[in-house]
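These notes open a run of structures that come right after.
In the two complexes that follow, chain A is the common piece, with chain B as its partner first and chain C second.
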Partner chain A sequence: MNSPSSLGTSSPGTGWLRLGHQSLLFSIAEMRTVHTWRTWLFGWVARLLTQVTFFALIGKFVANDATMQFVLVGNIVALSCLESMIVVLTMAGERRLGTLPLLAIAPTSHVPVYLGRGLHWLASGIASSVIGWLVLPPLLGVPLPWPEALPAVAMILLVAVSCYCYGCFLAGLAVRYRSLQVIVLNLGYLPIMAFCGVNVPISFWPAWLQPVLHLFPLTNGLQAIRAVLAGGTWSEVWPKLALEALVGIGWFALATVSINRVVTKGRADGSLEFGS
Partner chain B sequence: MNALRVIAAAFRLQLAITRRSPGHLMILLTSPLFSVIFLSLVVSGQRSGTLVNGVLAPGLIGLWLMSLDLAASIIEEERWAGRMELLVASLTPVSLVVFGRIGVVILAGALTFFESWLVAVVGFGADVPLERPGVFVVAILATCFAMAGTATLLAAVFIKSRALHVFQNALTYPFYILGGVLVPVALLPGWLEPLSRVIFLSWSADLLRGSMSGNLPDAWPAWIAMTIGLGAAALVAGFLLINRIIDQSRETAHVGHS
Partner chain C sequence: MPAVVEIRELVRTYRTRRKAEETVALGGVTLTVDDSEVLGLLGPNGAGKTTLVKILSTVLLPTSGTARVLGKDLVSAPQTVRENVGVVFGGERGLYPRISARQNLAFWAALYRLDRRTAQNRCSELLERMGLADRADEPVETFSRGMKQRLHLARGLIHGPRILFLDEPTTGMDPVAARDFRALVRELRQEGRTVFLTTHDMAEAEALCDRVTLIDHGRLVLDEPTRHIGRYLDARECVDFTCDDPAVLAQVPELAFVESVEPRDGGHRALLREPADVARLLVWLIERGVLSARRSEPTLEDVYLRLIGTRAMSV
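For the complex of A and B:
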């Protein structure tokens, strides 16, 4: 473990890299306290796959195999979003531990430390989605077209990162109002599930709402994934991916400002330790 | 009579707690979003007669989630607040207290049915049928009773669990599938049906849907009996288990943090 002073005297880039490395080690350690590989795979992931199956069965019930596949793809990708957004709970938990005042006086910034607190859930989300991608379509009788489905795996990664950034922004709220952390998570995630093209195309929703939905993570990335599966050309796909990345960067910037403001305001009004 | 007084007191206690900790009512905020998800699928799918499935599913899920949440937290909160020792030391059966407290949450959870109806009518402009209102009311009451019984049993199981949240998490979507919450059990693979039929939701979901659409078989009273019967069996098992656990705790002096 590097001492704070060694982090503080490094160049900003190196400092952030070291912090990233430490956050990664911390995340792995934290994940090990929550799950063994068996409980993760047979408890956590199996439950998530059941969730996807539930929605896919509805797709088949209300329409046909094509709808089932549409819903299945949307929900598999949404798993990475759901898990990435658990950063809302881990960041709020970090505030509860009382580390924020210590980080505020440390030579390094508290921002990367806080924003790295959910990396293990980001990794778990990507892994769950990829497992779902490989296992569920053939199991439910609606196999994906291969090799078109292969590049989509990389796109899931982008969607997950973008959702993580959105989750970090919401976590900024949960850090302020800790009693609302679960509500913030659910009210952040469920609208994405409902409106962002997971279960029905966004064209289903009123015209005035559709442009707004493109400002949320997952919407553009999922459209790119669906385009790839439909055999779309690269020129069709990359603008959607670029937009997904841009949306993620935007939410990350907001998250950075938000979490920074918690400390600035806390220093100003003395609410850093106990303010909520 | 004494038992009823205990249940009523526990009911009032939970009412006061719920007023001060609205986190228990979170499902009332999230349930409309579940309604949007299910109704968008049903409306875009255009299979006739499935609207009632989309309207009822969020209500059933809301009830289930609220029961699960309270069942998981009720004993934990008593321990955390240091009230468990007092509860165990008193002459009042803990199982009755648990049942009475769960009752409040069940009633609040039943509001999710109304929310879902509202989303369907206002949000989607749907014309939601209610062909057999009398049967519907009886079915809702039977469902609430069965839910309270099941939640009491779960609360007992959760006391002993060291992996509470893993269990709590696992008892959601698998049960929605097996309980036929939206997709009727009859459409699941045949080998799942025996398993589904021991879950009261599979009976009550069919019953509620039938009462709304008017598509009820002549044997619908038997479905009500099955819903109530399974709920009662869970309630009795929950009472026995809680009493046994409390007795063990008294004997071994492991109450607060056993």
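For the complex of A and C:
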């Protein structure tokens, strides 16, 4: 054991890098307790893709091939959203594990730790979406136009990240108001699936609702992806992407505030407990 | 040497669900902890021990009063305090069950800004020291309660804190582990660390602590070096005996030189005022055929029971 004064601390900069690295290792380790790459690919991803196919086929039967492709694209992109929002579960789990107060009193900010707790699901979500993007359209006989479909892959990444930020915000809510937990966990991503242009264009909804839908993640990014596939110009696409990024940043900022608030409030009223 | 922990008139209240009433967990505690000291914090359930540990480790804010750790105020400079204190709360919570013990420690090492090599060495060293080296790479969910508790200790020590707060750290440890724990606390003290230990185990407190502090209903009842603890009893001499004859037993408390008689570990303990009374009682017992009688020392438990005992079950 070293003497009390010989604390081996590094500079703050490398500290954050180390923390990021450690969080990543942590995530991978945790992921590996849930999945091997085989169960991930043939169990998890295959299940998600089947679900996407199911929605796409409904599209085909109730309408036509064009509708099928619309639904297919929407659902493939939504996969990355669905998975990255599992961060709600991993973060809420932190309270159940009783690690919250310990994180709160560590000298490094707990915020990046929290926000990093679901990164493995973000990665998994992006991977599922990209696999779906490459495999499903040709398989279902509605191939995407290439090379237009290539930049869309990068846009899926953006959508996944902004959905993750939104997920972090919801997780912050779930941690803060325990009574809301069940609602947040189950209903958080429902509005996105229902209203944000996955299965029906948002123009289908009442006019007053449409501006609100642009505040949700995925809406703008998905529109950008659809525009690219339709051969839209860059000047048509980039504002949508910028909006998607902005929405993500906004939710992220709210998530940070919300999580900080959990800790400050917890220190004051004793709700920073070791269990729920 | 300045005091390591200085607490002045510390008050903490909790607002209960029904807003009308407030629970007073700490009702004005003043206490000083010196450098390289092992302080035992004792008290019945609900006395406010965990609340005090939470405040000192910056998990909880005090309602009023001040507390300084290494001269830094807990409320205005929590960051400095955090770098210098380690905290271990009792129970199994606070670990990541799915990853290994080593990964758990490595994670906290990063949070405490240890560089990679220091972190690796520190993790191995602590796992070894806690007797967890053989299981270090297995998921924590497969650990027994005592092993988890030992991992908690390792976590609390990861950054080599000057002050360690331990809230019932031996819960769930087997006797060997508890003995090793005592040896560990002594080592930590040798290294110049201050240990603040909450426990319900009187023997443990007596064996480990330089000083014991007893709180009850959020108030300090006693704060005394462990070796002077007997002072708190009027009758400082004891005789332990086992007697099967109810007639004889009934007579003991009636004797003029006997203060009181209490059941103790299958037998009885008589409390006496003067050393000379010990001989008188021993002779008296032997004459009545009670041969299993011997002189003994009042323990911390006697003091505790005397000060708290009458209403221990009425929280």
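Note that the second predicted complex is superposed on the first by the 250 of 276 C-alpha atoms of A that agree within 3 Å, B and C clash if a C-alpha of one lies under 4 Å from a C-alpha of the other, contacts with A are read in each partner's own complex, and residues count from 1 in each chain.
Going forward, contacts are C-beta pairs under 8 Å (C-beta built on N, C-alpha and C of every residue); 3 or more make two chains touch, one makes a residue touch a chain.
Only a predicted model underlies this, so the values are computations on that prediction, with no experimental measurement involved.
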Applying the document's definition of touch, where does A:210 land relative to chain B and chain C: first, second, both, or neither? neither
Counting only touches as set out at the top, which of chain B and chain C does A:270 meet: first, second, both, neither? second
Going by the contact rule set out at the top, does A:106 touch chain B (first), chain C (second), both, or neither? second
Once the two complexes are aligned on chain A, which partner has more residues of chain A within touching range, chain B or chain C? C
Interface residues, chain B side, partner chain A - complex: 23, 26, 29-30, 33-34, 36-38, 40-42, 44-47, 50, 53, 163, 166, 169-170, 172-174, 176-177, 182-183, 187-188
Chain A - residues contacting chain B, complex: 39, 43-44, 47, 50-51, 53-55, 57-59, 61-63, 67, 71, 179, 182-183, 186-187, 190-191, 193-195, 199-200, 204
So in the complex, the part of chain A that touches chain C is made up of which residues? 1-4, 6-10, 12, 14-15, 18-19, 21-23, 25-26, 29-30, 33, 97-99, 101-108, 113, 267-270, 272, 274-275
In the complex, chain C touches chain A at residues 14-15, 54, 57-61, 78-79, 82-83, 87, 89, 91, 93-100, 103, 106-119, 122, 125, 129, 139, 155, 157, 159-162, 187-188, 191-193
